[in-house]
Every structure is written in structure tokens, then in C-alpha cells.
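By letter and in written order, the chains are A, B, C and D; residue numbering begins at 1 in each of them.
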Amino acid sequence: MNSFGRLFRVSLYGESHGSGVGVVVDGCPAGLPLREEDFEADLARRRSGAKGTTTRREADAPRIVSGVFEGRTTGAPLCLHFENGDVRSGDYEALRHTPRPGHADLVARQKFAGFNDPRGGGHFSGRLTVALTAAGVVAKKLMPNITIHAELKRDEDFDTRLEAAIREGDSLGGLVECWVTGLPTGLGEPFFDSVESVLSHLIFAIPAVKGVEFGAGFAVAQMRGSQCNDAILDAQGTTRTQHAGGLHGGLSDGNPLTLRVAVKPTSSIARPQDTVDLRTGQPARLELKGRHDACIALRIPPVLEGAVALGLVDLLAQNGGLGQIWGQAAP
Amino acid sequence: MNSFGRLFRVSLYGESHGSGVGVVVDGCPAGLPLREEDFEADLARRRSGAKGTTTRREADAPRIVSGVFEGRTTGAPLCLHFENGDVRSGDYEALRHTPRPGHADLVARQKFAGFNDPRGGGHFSGRLTVALTAAGVVAKKLMPNITIHAELKRDEDFDTRLEAAIREGDSLGGLVECWVTGLPTGLGEPFFDSVESVLSHLIFAIPAVKGVEFGAGFAVAQMRGSQCNDAILDAQGTTRTQHAGGLHGGLSDGNPLTLRVAVKPTSSIARPQDTVDLRTGQPARLELKGRHDACIALRIPPVLEGAVALGLVDLLAQNGGLGQIWGQAAP
Amino acid sequence: MNSFGRLFRVSLYGESHGSGVGVVVDGCPAGLPLREEDFEADLARRRSGAKGTTTRREADAPRIVSGVFEGRTTGAPLCLHFENGDVRSGDYEALRHTPRPGHADLVARQKFAGFNDPRGGGHFSGRLTVALTAAGVVAKKLMPNITIHAELKRDEDFDTRLEAAIREGDSLGGLVECWVTGLPTGLGEPFFDSVESVLSHLIFAIPAVKGVEFGAGFAVAQMRGSQCNDAILDAQGTTRTQHAGGLHGGLSDGNPLTLRVAVKPTSSIARPQDTVDLRTGQPARLELKGRHDACIALRIPPVLEGAVALGLVDLLAQNGGLGQIWGQAAP
Amino acid sequence: MNSFGRLFRVSLYGESHGSGVGVVVDGCPAGLPLREEDFEADLARRRSGAKGTTTRREADAPRIVSGVFEGRTTGAPLCLHFENGDVRSGDYEALRHTPRPGHADLVARQKFAGFNDPRGGGHFSGRLTVALTAAGVVAKKLMPNITIHAELKRDEDFDTRLEAAIREGDSLGGLVECWVTGLPTGLGEPFFDSVESVLSHLIFAIPAVKGVEFGAGFAVAQMRGSQCNDAILDAQGTTRTQHAGGLHGGLSDGNPLTLRVAVKPTSSIARPQDTVDLRTGQPARLELKGRHDACIALRIPPVLEGAVALGLVDLLAQNGGLGQIWGQAAP
């Protein structure tokens, strides 16, 4: 479903080439100062522009449709809406019968009996993440003492490999790291709402994510217990190492939370690809024009931060901690 | 929270050293043949006994408390209860003030203000997975045309490393793979209930899981699009490769679903570990006696299958497909 | 919270005197023909204009912001937005410190620490029911074989009493009846989601509703079993009487569903009322100007139909019946 | 579904003539003193015995299966189980093909394709309310400053009418009133989770309830605004009258909450009734033996209190007020 959250609940809507995308944010406490400028920084980080990102210029200025009065949230749902601007649907018309490999084109058509909006991926477009990012901005503002930071892990030859991919009409995957500090101890709700469960649920909703790991992550499979266990240093629970990623028993343990996300290379590439012509059932050769990111992972960090923020703010709210914590932000 | 599922909903309860553990399964269609023997095979796979698993003998015979009449489900909630048998709480008494590294002991104490049941980890114990496995058995029976299989990935020196770990009073992590065949196309509910989201939510609730990846998983971060994209071979959506793990746009695409899970080494080890004495706040040295698994990953496969089955059966139900599909199991 | 529904989920947003109100409808099957004209009939029934309703002229033309492509629903969320037009906030400014009796003014202020939007009741305004009605229109279109009809019960002297109330600057309550035919047998999900539970949950969300009864309703308290029980006439479950309102054990029994709703008189009246001045804590005398309905019950029927439709369509969806049923509406 | 509640969630299971009934209570804060004796008073009020109630003697002693350690709740789910004792299924065997008017027999059979447990109504039995009552006891203990009281409204000739009904093998309906004092202001979550919505959802899950009204209830339909509006007396929101039942805008307003519930007469009566023989489809004459209540309303008050308590405790929890409030109960 297009909504998530028990007490702080977001509901997404919109399509890539429709009139716009947006999000309704329910459960935001009253009194939070909120202006449209507050979204600029994260939206700019997400926006196209850097080398390896699409040249499509999106209208990323949100309109606060509801939920704010005299500069502060009212306790009623926020509706944050983004008009779609620079849309060239014609680019995609030819693709209607030759589904793009790596995309949801074919499976969306099957699920929705052909009624889905196919333009630019419709509701399956990465465009939706602008609304997710915006909701995350609100969540972050509610947790002024908690720092959430994500960034692309650039190994030494990343730029070289990216340039080669661009030159060759190809794309590149990436690894994005995220860490969170300032979390109170004891967030997470056993059995099913471990912090890992809630965050991975949100993170895997971000298009192109294929793996999520916490702390030492997949490396734990090769470890011994004596090596993996985080020795406890004091009664507050400070640990010598953080192989568990700041999470024990699914609960935040007071140490920094760390996670990593695997992002697949952009599916839309200029190089010819094999697909099928749905009219004939015969093999077809697909050459995409349009404007695409060569490395979608470049734009993921603020989206990932947003997803993480949404999960944490809802867990905080369930612990009765939201009012208290955001209260420190108020004048 | 201790319940999960929109239409097929499980609610867990119980503690490691209390009177028992169990699960209420709501939303199971009426008419499914169900006997206590149906649980034996998966519970035996999960049970201790193999080299590297605990010598604690658990009473793993479920009692069907409700929801079955004359050998078939009635449409009312199933309550599946497991009495706790071979419990030696004394083993754990000494640990009350010296939390075990790698366990939830300390954070559970903090979250629940010291009122949590500390015996054997209480509600945080891996013992709860017996109930999860049992619920998964019901889910699997409802999907007779879908095969879910998980197994520990044993590389060549696994047995050598395991024996060394046991000998040295240590433990070992592991990697568990799972694949699913027979899935209909189009399962998953955008935006937030991608198949990956729902499955990872459930899987990360299993104690000791620190990473989840689908298809090529973390390897996609190093791939190019031309390499990662799964070429489409026919109008049904058969793909040449399955780097996406049978999932596009968060939806099942008709190809086999594959995932891998990183399981950390058992936290309870015989080797001395550093912790804190909560009475004094001073460093303490912990030597665990008790009976423990050396490699909990050995017991994870049926638990993982259960978690995956619960997620899939709920998504099937949301697509109206449950009645139809389970119907084929009825006489 | 501002969302409701398990598979067919609506999320409301907006305020009386903000930029608009709207609703996100999630879970609507793909392929339903939907145009903005489809909403006209019910919105006109709800709109002001008849004797006893406000002279405020609302911009009740919905904009379909998302979820429709080439005239049909796509399976993605519908966003239906209503701009607010004829707004005179100045009318309400004076009221900020003298809460209106019968309204949420004071309690909203207390709940939201004074940050709530006070203009025209803000998010508590009956204006929100335009979005509820619109969502109900979609729900009704998905159930073409089910008829839902509500109307004000006008006893013989209703018009006389209404005219007197208007003349005297007062208002009038009303009783609204609703009946539903064509329901399949067995809707409703024990224990907590009886049809009565789901419908009353939605109906009591409509401002001004103070009572809900099904079938013989409150009259059953005076009946004997031999009189109240509905004799069963055939194997399909046709009953001689329908004192149970077409609901047994919380499930639809195949007979017409009937319910009645008590609507309180409009709280905003011209006659002077006693309240408090929040600045001084002293008693105050309130004389409302503005434009108000004399009998809000006159406008409730399409809203009530919408609420009932939303509950029924969600229960149908949970029974896997939605696709099947709406399919009959498609060309 | 058989679970209810956002943060304080109950999940019911069991059947009238199966091995037992019970409830899993999730979200109960840790540290609440809880013993099996705590349930006695409310269970005794609900138990049969008074004139007009069944002679069946139920084993109403709950077993606390999980969630309590050393006399206090642990924060893990409570499982409260009631064994079924004095069961005479033979009484009901003959009824299998002649559904009882006023009961769920026929509709349950239709919904569950004949697989439902028909003995004593199975999962549809009023027996389930023993578990609801027990969960309500926990909820009440968490709100020591809030008083919830329900009682049958006995008009002057109630006893006379009851005796006549018993004498004639018939049954009688009743009206049950409930009032709540000590509620904080601002409970309830717009738009859909008005206090009325949440409470009526729970109350209509109680078998035999056909109407729910708050404050002046159905009488408001005949009132004028000048008469119905509750004049505000001070800045805390004390009102001169309480026609709104202590609820404005769906929120608790600080005044006593009042509601009334219409309970239909027990459906099982000794007098012959018309039904159908499902084997032949022909009319049949039903004469019930068994042991039945003549006036189920006599036993409703503690059940109603329980339902109300469950709704209020969940709303309190959503306002972050649960910890704070129950804290006052702790030593």
C-alpha cells in the first residue's frame, strides 16, 4: 500500500508524467515551524545536475497544501504537493509495447491489466522519491537531537568507472552508507517491529535498492562470536565495537546506528537491450533515448535519510517520545 | 509490535523460560486440513540436535488450541501453543546483573525499566521462532503450488571452521539462501509494500539476522546496467538472468524469487567476554555456562522459510488469490 | 488518524479556510472509468442551497490529481482535490478567543496547544465531508450491484419546525436513514470488524452524528426474543422480518441492511450563547454572524452514503470480492 | 479481524465448545502489578448466576500464560487463557441443520463454506466476551484515575417483564448505560478515530448490540441548537449540560463521557420458532433446549466497560499518556 507508519503516517500519490506527485503526512505534532524553504537543502541534494544524473529539470518546489497555519504545523495532516513540470511524454510513447529490462514496465502492466500509467514508469517512477524525501524533511525536523546522514561510498576508482559508463551509454550501481547518532535507547517494538524491520521495510520501497545490512552486515556470516559480539563498556550500554550497528534484540542500544544499502545501476541505458514486443511476442531490440541518470545511487542519499527518518520518527512516536523530543525545536 | 500481516495476521507471545510460547494466526481461510503432525517436519529441521546446535531439548509439539474443527480450519483464529519443557532457569540467574554482549539483555532492561523477564532472554529469545515456524507451516500449506526452500550455504571449509569454533568455546555466523518458485506475477503493493519490504520486515524480526539481499544483492553496487538488467525473453516476463531476484518495481515478475540472509554467530559463547556489572557500573568478566548453539544459522532455514511464507501469503490474500490458491489443496 | 481502510484506504487532508481539502484513495482497482463529472450528483446533493442550508457557495468541483490515465483508474492512488473558494475568514477572527458552544473550537485548541487552524473550525469543519463524499462516489462505482441510499426522515411537521428555527436564528437536528440492498452474504470479519463496527466507525467520524442504530436499533431493548428474532424462510437466509438490520453475528445475512443516524442541530446559531473569554477566563456572550446551515442533517445523506460505501467496499475487498464485483461495471 | 488497537492491541481466539478462549494483549507497559485474582470481580459480574442468566457454569479463572514475571507485566504480550469447562455439545448437535433465528448459525456456515465450528455458535459465541472482559481489566488497571462504569438501566417494570419472559420461555432486551469520568481533554484522533468511532467499533463487536448513542444520543434529532449546545462555563471547558456526552469534534472535552447501548433479547429461546431445514430447504420448527440467558443485557455491563476501556487505553497510548498515567498505579 501507499501509506506507512503507525502514528506518523505518510501516504504517497502521483505519477512521473501526470500532474504531480505528493504526500499526506499524518500524525505530525502541532507547533513545528515549517516553511517551503525548509525542503530546499534535501531536495537540492536529490535533484539532478551532478555528473551522472539526468538533465531533466524537475519542479521540486513543494507546495504546502494543508496542515500549516501562520508558519507552524497545526496537528492536522500536511499535504505536500509537487507539480510536474519538465515532462516530455513523447519520449516514452514508443516504449509502450517494448518493456524496458530492469524496469517495472511489464510487471506493472500485468498487475494492473494494462490500465497502469506507462509514461515514465508512472507511479513506479523514481520521481515518487521527491515526496518521500520531503516527508523525511519533516521527520528530521521533529528530531533535532538526532543526526541522520547518508552518503555514497566512493571507492578510489568510482569516478573513473562512472565516466567510462557514461561514455559507453551505460550506468553504474553504488553503495550508500547511513549513520544515525543521538538515538535514545530502546527504540523498536518486538517481535515484528525491530528497528531493522521497520527501516528495511521503508528502504526497500526505494526503487533500485537490492540489499540492506546493519552494522557489520554480511560480514557477520564469516565471523566468530568472540569477534562479532560488541563488548559492553558501561551501564549505559556503550560498546567497544559496533558490529551490531547499534541494534541489539531489534532495539536501539544507544550506540550509533549504521546501515548500508546496495543500489542497482540505473535500468534505463542507451546501449541496446533485449526485450520482447508485446504485440507479437517476438524478441525486440530496445534503444532508449530520453534523459536518464547514469548512476541513480548519486541521488539516493537524501532519499535514504528520509526513509530512515520516517521509520525512526514513527518508532519515537510509539514510545511517547515525539512530543518531548520535537519540543526542543520549538522557540 | 508482536503482530504482523494485513489479512493473514500472526500474533506471537511467550518467553524462553515461561510456561510456553505460541502464536495466534488470524485470517486463515476455512477448510484447510490441519493436524498437529503437519508441523513436525519443519519443527524437526529447526530443532536442536545436529552438531553445532544446543543440547537443550525443547518440547516442540504444538497444541492446536483453537480454530480447527473435525480436522480442518474453521475460519476462526488458530492458536498454536508450545509448552516449555526442559528449562533450567538457574543457569541464567547469575547473569541478571552482567548483561551478555551481543544479546538484548541490557537494552531490554533499559526499555522495560527492569521489568522484563530476563530468564534466557525472555521474550527476546530465539525460542519465539518456534511459533514463527509453526505459523509459516500453515502459510505454506495455503500455497501448495508455491515452493519455498531455504538452506545454509556451506562453503568448503564450513565444517572445519565449525568444529574449530566448538572446540574453542566459540561460535560461527552463516549465510542462508532462500528461493521461491511458483509465485504468480504481480504480488507486492506499491509504494511501501514491495515484496522486498514485506519480506525484509519479517526476516529482520528473526533474531541474529543482520543483512538481507535479493537477487544479485550487494553485488549490484559494482555492476553496470548492461550487465545487471535482466533481458526479457517473452511476453510472460521470463528473463535471461535473475539479478533482480524475480522482483521488479517491488513486484514478483514470475521468475524465481531469490534472497540471502546474513546470520551472526550465536552471541552466547563459553569464552570469557567483557561486560559491565550493573550493580557497580564496573567492568566485569563473563563466562557463560548454559547450553548454546555454536552456529544458530544451522537452525535458521525453516524459520526463514516461515517468515517468507507469512509475507507471501499475506500479499496473496491482498490480491484475492488466497482462496483460489489454497483451494487446490482441498480434497 | 486521518486514514481508514485495510485494503481500500482513504486519507483525508485540508481545512475549511485553507487552500483546499482532499482525499487520497488507495487500493482502488485499475480499470474503473472515472471522470470529474462522476462526482457531480452526490456533491450537488451535499451542496448548500436548499432552505435550511448555508448560503456559502463552495467550489465543489474535484480535480483528479493522480491515479487516472486515459479516463480509467490505474491502480495507483487517486488524489481528489477541492480548492476552497468562497472563504471569508474575517467572519471568524473575532471568535478566536470565545469558543463556540457545540463546536470543537476549545478542545482542538487544547489538544493542539493553540496551534490548530481556528478559521471556520479548520480541520474539524464539516467541509471535510466533501472529500469523504467524493471517496464514497468511487466506492459506489466499484459496487454497481449494490444500492446504497440515505435520506432525511421528515416527519409531518419537519418543515414547520425548520422554518420556525430559521426564523428564530436557531437550528434543528434530524434523523437520517440508510438502506443497502444487493449485498452479498458473509461480509464482515469477526470478532472486531463486524459490519456494524466498521460502518459505525466511519459514520461517527461524520461531524454532528451522536447515535447509530441498525435494524430495529434501540427498540430491541424493549423487545422479547420471540418478537425480535427474524424467522428464517429459506436456505439462502431470507428472513420474515429484518429487526437485525440484515446483520447476524456481525455479518451481512443477504437481507437489506438498514441503519439510522441521529444528527445534532447545527452548532452555529445566530441566537446569543454562553461561552468563556479565553483571555480573561470570564463568562462571555457569543453572537455568531457568518453563514450557517440551520439543519446540517439536510446535507448528511450523501455523506452518510459515502461513509457506508467506504466501509462496505473495504469489507468486500477483504473478501476478495472487489475485482469480481467492479468488473461488471467495466465495458 | 480478531485483533484491535494501534498501540494497545488485543487479539482474541477460541470457541464456545472448543478447548478454551483467550486473548493476547500487546502493548501493555511493563511494571503493572497483575495477578489472576485481579480479574475476579469483573468476571464475576459477567458470570451467569443471577435470575435471567444461564445455568451453565463457566470456568472463568484466567491463566496468565505469558507476559508477567514476578507479579508484574514485562512489556511482552500477555496471553490470558480460559479453559472451557462445563460443555455439553450434544445439546447443539440437532441444530446443525436447523439454524437458530437471531443467531449467526446460517451466515457463519455460508461465510466459511460449512467449515465453521457450529457447537454453541463456535467463535461467534458470547463466550468470547470473557476474554474481552479480561483484556478490559488490564486496560482499566492502566488508567487508575479514570473511572468507567456501566449498568443495566432498569425501568420500573423490568423485573416484572423479565419474570414473565422467563415463565413463557422467552427472553428480554435491555438498555445499558456507561459513563466515564477522569478522562483527560483531547483524546481522539481526527478525522476517523473520533472517540465515538473507536468506542462504537469495539462496542458493536459485542454480540447482541444493535445501537450506540453518546450524550443525548437520538434525542438530538428532535432538538434545536439553542437547546442542544452545551454552554461553556470556564477555560477548562466545563459545560453546563453534557448533551454531547463529553465529546466535541470527536475529542474528549474534559466533561464526563456518557453512552448508551441497546442490547437485543437473547436469541435462544425455548418457544418454538420458524426456521429452515438446510438438508431439504423446507420450513422447520425449532424448539431449543440447552441452557440460555433470558436477558443477555444483564451480563453486558462488565463487557461494555471492557470494550470502552480498550478503546480509551489505546487512545491514551497514542497521546503518549499511557506511561504517565499508569505510572501512578505503580508502587
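The working rule: contacts are C-beta pairs under 8 Å (C-beta built on N, C-alpha and C of every residue); 3 or more make two chains touch, one makes a residue touch a chain.
What you are looking at is a predicted structure, and each value in this text was computed from that prediction instead of being measured.
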Partner chains that chain B and chain D have in common: A, C
Fewest touch steps from chain A to chain C? 1
Of C-D and B-C, pair with higher C-beta contact tally: C-D
By Cα centroid distance, the chain farthest from chain C is B
Provide the C-alpha centroid distance between chain C and chain D, rounded to the nearest whole angstrom. 26
With chain centres defined as C-alpha means, what is the inter-centre distance between chain B and chain C in Å? 43
Residues of chain C touching at least two other chains: 1-3, 6-7, 12, 76, 111, 123, 190
Listed in rising order, chain B residues that touch chain A in their complex are 1-4, 6, 12, 99, 101-104, 106-108, 110-111, 121, 123-124, 128, 165, 170-175, 185-186, 189-194, 196-198, 200-202, 204-205, 207, 209-235, 237, 239-240, 243-245, 248-254, 262-269, 271, 273-276, 278, 281, 283, 297
The answer for chain B against chain D in the complex is residues 1-3, 7, 9, 11-15, 18-22, 24, 26-27, 30-31, 65-67, 69, 72-79, 81, 111-113, 115-117, 119, 122-123
Which of the residues in chain C come into contact with chain B in the complex? 6-7, 76, 190, 317-318, 320-324
